[in-house]
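Two complexes are shown next, each including chain A; its partner changes from chain B in the first to chain C in the second.
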Partner chain A sequence: MKQKYERPTIRKMNTGLMNKFGTRTDFDPVESIDGVAVKDLVEQYGSPVFVLSEKQIRRNYQAALRSFKTRYPKVQFAWSYKTNYLNAVCKVFHQEGSWAEVVSGFEYHKALGNGVAGHQIIFNGPDKKEADLILAIENHSLIHIDHFDELYLLIQLTERINKTAKVAIRVNFDTGVYPIWDRFGFNYENGQAWTAINKIAKANKMELVGLHCHIGTFMLSTAAYAVAAAKLCQLALKCKNELQNPLQYLDLGGGFPSTNTLKGAYLPGVDTVPSVEDFAEAITNTILEAGFATNELPLLILESGRVLIDDAGYLIGSVLANKRLSDGRRATIFDFGINILFTSNWYDHKISVAKESGQYTEETVLFGPLCMNIDVIRESIMLPLLERGDQVVVHKVGAYNMTQWMQFINMRPAVVLIDQQVKSHLIRKPENLDYLEMMEVVPDYLKT
Partner chain B sequence: MKKHLQYYFSATLNSYAILFFSQNRILGVLLLVVSFFNFDAGLSGLISVIGSLLLVNTLGFKKEEIKSGLYSFNSLLLGIGFGTFFSFSFAYWLWLAAACLLCVVLSVNLSSFLGKYALPSLSIPFVLTFWMVLIASNGYLGMGLLQKGSSLIFELNTNPPSHFSQLCLFFEHLNIPANLLLFFRSVSAILFQNSVLAGMIISIGFLIHSRIGFSLLVLGFIASCIINQLTGTYPGGISNYYLGANFMMVSCAIGGFFLIPSWRSYLWAIAVIPFTFLVLNGLSRVLLLYNLPVLSMPFCLVTLGLLYFFMLRKQPGKLKLTPFQYYSPETNLYQFLNGEQRLKDFKYFNLSLPFMGAWTVSQGYEGSITHKGDWQHALDFVLKDLDDKTYQLPGIKPEDYYCFNKPVLAVADGQVEEVIAYIDDNAIGQVNLQQNWGNTIVIKHAENLYSKVSHLKKNSIKVKAGDYVKQGDIIAFCGNSGRSPEPHLHFQVQCTPYIGSKTYPYPFAYFTVAGQSGLKTFEVPQEGTTIERPEINSYLKNAFHFQPGYLANITADNGHTETWEVFTDDFNSTYFFCHENQAVAYFVSNANVFYFTRFYGARNSLLYHFYQAAYKINYSAQPLEDFFAADAENFNLLLWLQDALAPFYRFIQNTYTNSIQIKADGLIVQSKGGRLLLGKDKNWFKAELFLGTKGIQGFALQHQNKHLKVTWETSSV
Partner chain C sequence: MKLKANIATSENGFIFNPATGDSFTSNAIAAEILTYMKAGESETEIKQKILDRYEVELCQLERDWDDYMLQLKEANLLDL
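Here is the complex of A and B:
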């Protein structure tokens, strides 16, 4: 076989101290995803293309469920729609038994459209429209109240339509981590939460069924969850003892990190991030010891998103050009940038080449295709020598990218799901001009 | 007052019917009528019964027993015997009263005495009393008791022939085989008569009561006649009294009443005949010395003797004694079979799974790795992932294994018997053969019932010997100590408290198997299956968790209303009681299921329809299948055929299925009853139960052509 041409490279000799982790750089090629060749995927769906592994989604879900269910008798997951609300993805989670957690009217309708029963939809967030609230009340969905104005609105609505709403309040507290997410929900320490609970208890048409918290995102401390669970349990026991209103569930929200490496982190995420097992242990031990009678233990709801899907998502892209910057650094331009890889703002994504390459690597800056200065994927990465047209695979991109991506300069690419039988399915078509202009209206006087 | 009369009426009829081990009213009435064929006997019989009933009731004996006729049927026999044997006079009534008192005293005392051995007193009180009277009156003529005829006790009335006796005479000479005439005469002998007509009427009554019982009467008759034919014991043929009151009765009692009818019990019903011959002949020779008749003593002795003999068996096998007496061989049989199938809650201690979540049985009973010999009835559990792996990569430390450090639970309430907690967890692939079981807990749940979990994590045990634990308590964490190359949980049940005791096969009460629908009840999980605790639907549990004092007002769309209340009886069984029509429906409700066990009362009551609709409910909301016990509701030739064949072969099955539809704010239980006849399913009823947050809201039932809609309102007492 003819060997691949590799351009010459010059590297500075480094004679100082050895890197404490050795000289190893991770550039094992990723030639296939879940058994489907990268080359074939690009051929079939173009480049760039998002690829999701159904098997990995299910594996993640089942592992997380196992971590909790083997430690606590009643556990329910609710899929966080905002993390990835492609219908195919949601349906995989619902098939596994997950409820839906939505934070807006359109997500609520999406959940209904995906066949989720009304009483298995959790309605979160600070922005719930009146019509959506009425629909949620009528469907017996679980409405998690975020602020007093929403509480007052709900009281009015329930009186007006003469139906009982099943509600919980979102509680925020100091769990010892910074920042405190006190902009969502009612504060625990200053008594706001208890006030809200009392207002609900006094309302005629409100049934307080649970408590909710969501202490942060990409949380790296399990202790914070133990604190949150303990405070939530105290509040729940107070509801039972003082208001004779035993609660059906505690919703600990999400926020579990994936194994991506945060920007600026010293050590890679795979080595430092606590596992779901660790979070499960912290949370369940706290609830089990909080003082509930064995047969009155509340249902534990979790709204994990990121940890269940991040590592099931891949982004395949291609090299557009190689460059040398004015300061001598190498730069590589890809056909994907922060327009579709939003999370490159947060993480130092792991990027692998898609075919076997030589042993030499060089340090390079990775740019996206936008004509915007901010379009940087990695500030610095060691990669084998790439040529125009070579493919790379970006790892752990399943969470948030397919919801926060934007159509700017370039259009959004296709999304492909590889099923458990190693077959790929197009689950979102690449966008085109028609799609882009679908919602546009040109006034008549400009038409000619 | 009306209730009072009803009570005495039932007690009187039962006193008659119980002569044939029955509580059937038709049979009771027929027997009452037939007893008056000999007017004197019938009258003194009835008077004795009523007198005895008044006596025991006034003295405050247990109402249930009185009502069943248990204390008064011996007086009935005594009265009939008196009337048959002695002529009316002042002294007659005096001594009858005295004898009745003696008979009642003996009945009560003997029932209690024999009751301790779970034995019935049968007609022993009557026999003893009557012997006493005969001995006394033979010795002291001054007592004034005049014997009627000669030594022949049971002759027919010698009064001038009336229309009635002409009728009787007609039947005496009916043109049917002599054996058949003898059969009927023998049946009538139980009431000290010798009348074909009486026998025929009683036979019809008995047939209405029980097909199995009647077939056994016939069987006993034939067997006795054949044996007599072969041996020639009684050259003139067996007397009808011996036949009726002893041989046929023994067959009936052994073959169908005190044993669950089966081909085995039928064999015993035949085998017992020569045995009875021996006892009867021996006894009559001895009694001849005192000029006494044997009466039904041989029947009593043989029946009691055999019963006690059967009771003493250590391993009863398939010849079963009747566990609960329903006074009908059919009901006994059907309830027994149904109970074997359904009522495992009463048979086994309720063990739940020793873990949370879905674990896979990596080695089952008689497993090929280590579950062998004395330790073959054990289970090993691990956690597996989607790829069937028990660990996450790299899998070189115990911590990499999913099951490591997962909570282990107590399978039932009990006291911790022994704990070992200090043994190190092995490195993966190593085993500790010196401390084979590793860290272990043994819990005592009942006498001779212990559970043991092994290979626990070092120092993870939360209990110590002597502690009481509740079902579901976390007692330790799964580890890798002892003979365990990779983390797993070993579970076994044993009869002795030692670590290393041999295993005893025992099922888990309720669990679900991944990939299989339905709830597994009292089964041992199979190797390779992934099992989990049933997930309880709170709507269902909340709705069906009826506590004593629960009160429901039920209104049907046809205006019919009933009030049901939940009570607990002496044996801690819970039941619904309908205040309007006294219907009773027994039920069981535990952590996992609700089910009815038995219904007594009117078949058109709303309670009966609820019993049908909610015959069994899984709180975990899986669809289920169950069986109703066959029931003699009303006359139906097919059902009668089934009854007659039931001890050998059953071709009709009453099925029950339900499935649950979950709604946004409640759920609907859709149930269906069917009659499975030779593989063909016939619709019996269809029902829907509506449940909301506050419990049952109502139900709808379609039964034959009847459509019923019922609303349900709840309150507590």
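Here is the complex of A and C:
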């Protein structure tokens, strides 16, 4: 019987001091996701294909909610639509009890379509169209005002339609993390936020019900959230004491990191990123100690996205070709690139082979399929020896890739959800030429 | 394609170039091919041995052979 073949390769040994942290190469193949074989998924849905684990989404949500609810009596999560607004995904979160947090008109309509009650939709963002605002007012949605122009527009609209808007303002401040995200909302330190609050208080048809902040994304400091919560609490207490306007909620936004490893990081994300428990501890301790009466504690809203879904998403792809670069480095070309794996711009995604392979590895550059020099997924990764047609699994891709993906050179692939009974469901079909050209119009004079 | 005469190799795949001080590790097939090369066997003979011993098609082996020779050349191990 013949022996198993592996292509011949050599690796130069480097002398010098050993890396005391060590870097383990992941040889372990990922042959299935949530009990469904990778091979079967590719056969059924093609390659590349995004795969989401419903079990992991629910596990993440329940764990995060528990982290806050065991520390604070009134907590509400609102699913961040921009992180992943596939309807099947949103519905899983809404089934778990999550409200919707949207940042555009179409996201607002998506939330309504997903059956979310108007008063459980939080409307954020700097670009809210007049028609969308009117709908939000009529639905009693929570409108988070981003700038003075929006505030004045809302005052006009509420007068015109003679209805009261439920509003909060987005507040930005110095939390000790730089750069400060001061392009959104009203600044706390220079008094702009207090001015906005006073204008709302004086308006006839505006009800100030909360305060909102969103201090950044992939935040690695829990202390920043404590500072943000303290400043929001001070503002809320000022509203109660000086304007006799007690607030119903404080919305601390999102920004909690997943355990992906940022490019340039020395240690892997799993070893360095604070847990949701750590963030919950920092936020809830601050609010509990801020001076609210026990029966007047505001509802705490969280708009987490990434931390709830990143590790529930996988991307399965295949090797298109191997080649050797001019400097001798090995390069592997996959059928997925930055067009659908947008997050490879800032993460060193973990990539596993999908079948048992030899223990010998080689340093490889991973390229995507685009005719673009920038289409690099990993500058350097140690991988077992891959051949054309071999499959790999990219981990922790659930956040942002299925909303920020590009229809550039290649179509966007299928997205599959594996339910809790280990059954796979197509939740977004792969795109085709008809879909691509659906919105195009060719003028008559060019038709012949 | 001939290995340089001064290149030292071991059965378990360790390669040492005394002229440059560079050392390399190799996987099992790479080590086996080096042994055949050191014994002076021709490219055709070596390829036939690999085809007889391993589960591989000729077209795959041809591709990998070219890449392997390129690696040896880059590593300055071949007598050109």
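Everything below uses one rule, namely that the second predicted complex is superposed on the first by the 442 of 448 C-alpha atoms of A that agree within 3 Å, B and C clash if a C-alpha of one lies under 4 Å from a C-alpha of the other, contacts with A are read in each partner's own complex, and residues count from 1 in each chain.
Following the convention adopted for this analysis, a contact is a pair of C-beta atoms (placed from the backbone, for glycine too) under 8 Å apart; a residue touches a chain by one contact, two chains touch by 3 or more.
Nothing here was measured: the structure is a model prediction, and the numbers come from that model.
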{"item": "Contacts of A:Phe218 with chain B and chain C, given as first, second, both or neither", "value": "neither"}
{"item": "Which superposed partner A:Trp346 touches (first chain B, second chain C, both, neither)", "value": "neither"}
{"item": "First (chain B), second (chain C), both or neither touched by A:Gln62", "value": "first"}
{"item": "First, second, both or neither for A:Arg324, with chain B first and chain C second", "value": "second"}
{"item": "First (chain B), second (chain C), both or neither touched by A:Arg11", "value": "second"}
{"item": "Partner chain(s) touched by A:Phe408 [first = chain B, second = chain C, both, neither]", "value": "neither"}
{"item": "Touching residues (chain side chain A, partner chain B) in the complex", "value": "55, 58-59, 62-63, 66, 69-74, 117-119, 139-140, 248, 288, 294"}
{"item": "Chain A - residues contacting chain C, complex", "value": "2-13, 322, 324, 328, 358, 360, 385, 387"}
{"item": "Complex contact set, residues of chain C against chain A", "value": "15, 22-30, 33, 52-56, 60, 64-65, 67-68, 70-72, 74-75"}
{"item": "Contact set on chain B toward chain A in their complex", "value": "355-359, 383, 385-387, 392, 402-403, 406-407, 470, 472-474, 533, 535, 538, 662, 664-665"}
